[in-house]
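Comments concern the structure below.
Labels run A, B, C and D following the written order; every chain starts at residue 1.
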Amino acid sequence: RSHVGGDVQRKSCWYEEEIEENLRWCFALKSILHTGATRYQDIQLLDTKPFGKALVIDGKLQSAEIDEFIYHESLVHPALLHHSNPRSIFIMGGGEGSTAREILRHRTVEKVVMCDIDEEVVEFCKSYLAVNTEAFADPKLEVIINDARAELQSREDQFDVIIGDLADPIEGGPCYQLYTKSFYESIVKPKLNQETGIFVTQAGPAGIFSHTEVFSCIYNTLKQVFKYVVPYSAHVPSYADTWGWVMASDSPFDLTAEALDLRMNQRIRGESRYLDGATFSSSSTLSKAVRNTLENETHVYTDEAARFIYGYNCAYKHA
Amino acid sequence: RSHVGGDVQRKSCWYEEEIEENLRWCFALKSILHTGATRYQDIQLLDTKPFGKALVIDGKLQSAEIDEFIYHESLVHPALLHHSNPRSIFIMGGGEGSTAREILRHRTVEKVVMCDIDEEVVEFCKSYLAVNTEAFADPKLEVIINDARAELQSREDQFDVIIGDLADPIEGGPCYQLYTKSFYESIVKPKLNQETGIFVTQAGPAGIFSHTEVFSCIYNTLKQVFKYVVPYSAHVPSYADTWGWVMASDSPFDLTAEALDLRMNQRIRGESRYLDGATFSSSSTLSKAVRNTLENETHVYTDEAARFIYGYNCAYKHA
Amino acid sequence: RSHVGGDVQRKSCWYEEEIEENLRWCFALKSILHTGATRYQDIQLLDTKPFGKALVIDGKLQSAEIDEFIYHESLVHPALLHHSNPRSIFIMGGGEGSTAREILRHRTVEKVVMCDIDEEVVEFCKSYLAVNTEAFADPKLEVIINDARAELQSREDQFDVIIGDLADPIEGGPCYQLYTKSFYESIVKPKLNQETGIFVTQAGPAGIFSHTEVFSCIYNTLKQVFKYVVPYSAHVPSYADTWGWVMASDSPFDLTAEALDLRMNQRIRGESRYLDGATFSSSSTLSKAVRNTLENETHVYTDEAARFIYGYNCAYKHA
Amino acid sequence: RSHVGGDVQRKSCWYEEEIEENLRWCFALKSILHTGATRYQDIQLLDTKPFGKALVIDGKLQSAEIDEFIYHESLVHPALLHHSNPRSIFIMGGGEGSTAREILRHRTVEKVVMCDIDEEVVEFCKSYLAVNTEAFADPKLEVIINDARAELQSREDQFDVIIGDLADPIEGGPCYQLYTKSFYESIVKPKLNQETGIFVTQAGPAGIFSHTEVFSCIYNTLKQVFKYVVPYSAHVPSYADTWGWVMASDSPFDLTAEALDLRMNQRIRGESRYLDGATFSSSSTLSKAVRNTLENETHVYTDEAARFIYGYNCAYKHA
């Protein structure tokens, strides 16, 4: 029990994730900061060597300390910047707090409603994720524990921007019904301040092979409901893939890179690490293969596919 | 010895690679097609479930069947398309044959010289990689077994495009000396048809964190030698990272996406799977963080850093 | 793609097995010699670095080149040596051929019937396992493709020794019904030459923790049917556990270590690598914890537990 | 990021150890209780699913909660039981405390000296290993922080039993010099109460293949120094191997299993979980292959092989 040197110990503990059935992604572990189970899901906070602190829900990495800014800047800023004066924002999911944090950097924002189904995840992130402490304490943020569909349906107010920070629309998965044409049409759209309101959602993996899983269908489904739809993507190292988002509105998205940069300077407190005008211009120009799939996608998400899970609540962003 | 069902067998064999010290990337294996050792390096041809046939040199994935087109189209086409009439091409390395294959799709090309140090790798790829059989048999291709530096130095002819398809410039690594300012200045540049000649090289990982390893230095070193230098990148799934290339010339690169598309249609036989004008436009617009590093990079590769390995030959693209 | 030296490649391909839910056992792979699926099971022949060629059925290691002799010498020789003149032997399962090979080393043996359900596994092992070629060609060996229960039931001949080389008696598993009290009573025992006949079976893991899974129950079930029952065990490195066997008869097992050594010399051709008199004496003296469990075991395998899988055939030793 | 169910999370964190170069052993992790580095070695306390709390030194498992009793009962009891009246015991190494704990169960024992080089490991185990709290607090135990060789050399008292609980005698390893013929002859033996004194040492892996690494040489070296030498072994599941110990004296070891059982009852407080007379009888009857190697071993450990590391202290049992 003695042959191998001290270097070994530093690599003896690993977090391992099956990215897909035949593909594994493994991070050396410093420590397991917390392990628990909420009513809806299992949750872990790990300290990993390559990506820092990592939030893992039901065995899938949700967010890693060193690169979550790519995901959250991409989810939040393009939509808010393309709106002329975003004051009220609704987040479906987002319990981690990072989406709220990025929204609250916008000087125009007066009210953020974050609606997550899992109170324990929200409490957990509030306690453990120091980077979002300030956001959780911001009086502009209202945290509601509810199913996002039920919440939107029952509210009377409208929003400038609605943001989907939910798990992917897998058939039989918890969030499928929050990605359907009828949900967008009869629940999301009526809650947007008409004409100028913008909806944006995370849209699953968008890599050269993986974009056919859900990205192209989310894009196509939104195209049935909104006049203008912009898909974009970015490589997120800790996900071992390129990730996608789709932004939709009945008003056109016609800002140049320079105009975006100008608005970022005027409206957003602090420096963004990932996004600027040129970056968004690159992100929203998809590569040939992905662009072709999106243009030719015919599938539309409908409630029929979700019928067996109706009533099952949508738990978490990527869960 | 009997508890687990038949599904397990399909995932019991794995190829595992340490992307970096604390990060592993694992592919389920169908079979190990070949294992061997040449004079310079160990070589394996694996059949993997997520990425098809994979060429592995010294324990590092070089090229995977299902996505090598991203690397090779990106390496070859931008440089050739930006040249007004590329007829003669020199490949430093490239023994796999895929770089030659992409070059030979260009109707303008009359002569391709591929200079690889490792005859056995060339023979191996010729035998095993069916996708490159036609390229290896093309009479326009001349394969030379030699050190690329020595070969370029001793030749009297000049080329329209010189392509670097070599291992990264790691200090003490086999190819460092083929990335230095003096090599570019006194060996590469004189062998380019002056003014219009273009040099392009693979430039290592270009992800949001990994681009500081070598990508930014290659860019900065080439800036010391050529008037116009264009860095670009693309996510290659099997590499679990975004990869980089740098293109350099004393003539400007000023084609629009539309102009590139036009030239692709006119000059390139068959359909490209990854690249087109819009894709290149996106690829060559780097994200904010990467762009900033490149602009502020001050390090230049010089022969001094390579002094201990002078005479050690450069073996293979990524080896 | 170039930081790590040549040593890495030698460990980049791995066979991985879940010994139990939270425990993995991984062998570096030289090559995957064969992968296939029969009517009953998936089958692989791997060439591993630590244990040589390894036969894997449904994702579980069955037998490894360098230590299968421990399993097969332990399964065969104690029973045959304790019989005064073993001439006819019946093997339930055993398609690999190694059990037959060890039996055929006994000079007294005149007839060996091997009854395996899976013709393709038998053919596969015949083709690939050179170590058993001679055994498969031996005219004393009769290979029958049938369910062992049906075969024994329909035969009129009796045997000196019957050997169970089947998968563990997991409820719902393929072989459960070949380990029940009624099977032993009404099928096995009547086919043994009365009084002197000996039955022996592999009996699953027998480690200090794992012996409670099936070893103690097989022992207790056989105690209900035979007057004399001897459990014994041995550490098999490639199984990462101690393995167990149980031998039973209505005649006593009363040979000393010296008497066993004498009979081995007289009766067995060639040198045994694992077993001799002292080894068996050690193997059949179980450690305190295991001994206590066996003495206190009350569970008896009955057909009731197997009712849902009746008619499902028993495929393979450990499958 | 959502395809796989909740079961996955329970297996996403793993401890991984290279048992040997081509063999890995992996435990699912519940948590990493402590990670640190002492002056001599790296140390981890892990909570593993298959084996409970595990102490890992320099990347090698030392001791696992659920089966350390096999190692420590085997190390301590046979030697103390074969002594007619063991009152004073010296432990070389043993900082974990479990060896002292087993010794202190003997009613005859009046004094235990534990001499470990690494104060921080001793303090760590005192704090974290509840199972040894009582032993560490026992007034009969004297803990000394020193090199075992220097300590023994400088002492004037003699002992009834000296126990080696040190890392294996790997050439160039930290403890090699504590396994040499001259160390046994000129330092250990003079500190034993002559004629009746007993020395026992852990002796590395003793599996059917692994026993040639150090077990057979330790045995042969002790045979050069003592009249009676007894090697014995036991399978320790968490080590994925059979482990060995060697006991040596100038008085014969001639107790029957029954006599051992009697002494255990008379002398040892509480119930032993692994060892009793029959177990020791089985453990000390080695299998044929191991017995043959030991009988034919000619290598003797001498100081010459250790010359380059003289002065380097011996840190820990298996380190």
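Assume a contact is a pair of C-beta atoms (placed from the backbone, for glycine too) under 8 Å apart; a residue touches a chain by one contact, two chains touch by 3 or more.
All values reported here derive from a predicted model rather than from experimental measurement.
In a homomeric contact, the two copies may use the same or different surfaces; for chain A and chain B, over half of the interface residue numbers are shared, pointing to the same surface.
One finds 53 Å separating the Cα centroids of chain B and chain C.
Centroids of chain C and chain D (each the mean of its C-alpha atoms) stand 34 Å apart. Residues of chain B in contact with at least two other chains: 11, 14, 20.
With chains as nodes and touching pairs as edges, the resulting graph is a single ring in which every chain has exactly two contacts. Inter-chain contacts, as defined above, occur between A-B, A-D, B-C, C-D.
On chain A, the positions that touch chain D within their shared complex are 1-18, 20, 29-32, 35, 41-42, 44, 46, 56, 58-62, 167-168, 170, 173, 175, 204-205, 239, 318-319. Listing the residues of chain C that touch chain D in their complex gives 11, 14, 20-28, 48-50, 66-67, 70, 207-210, 234-235, 237, 240-242, 272-276, 278-279, 281-283, 285-289, 291.
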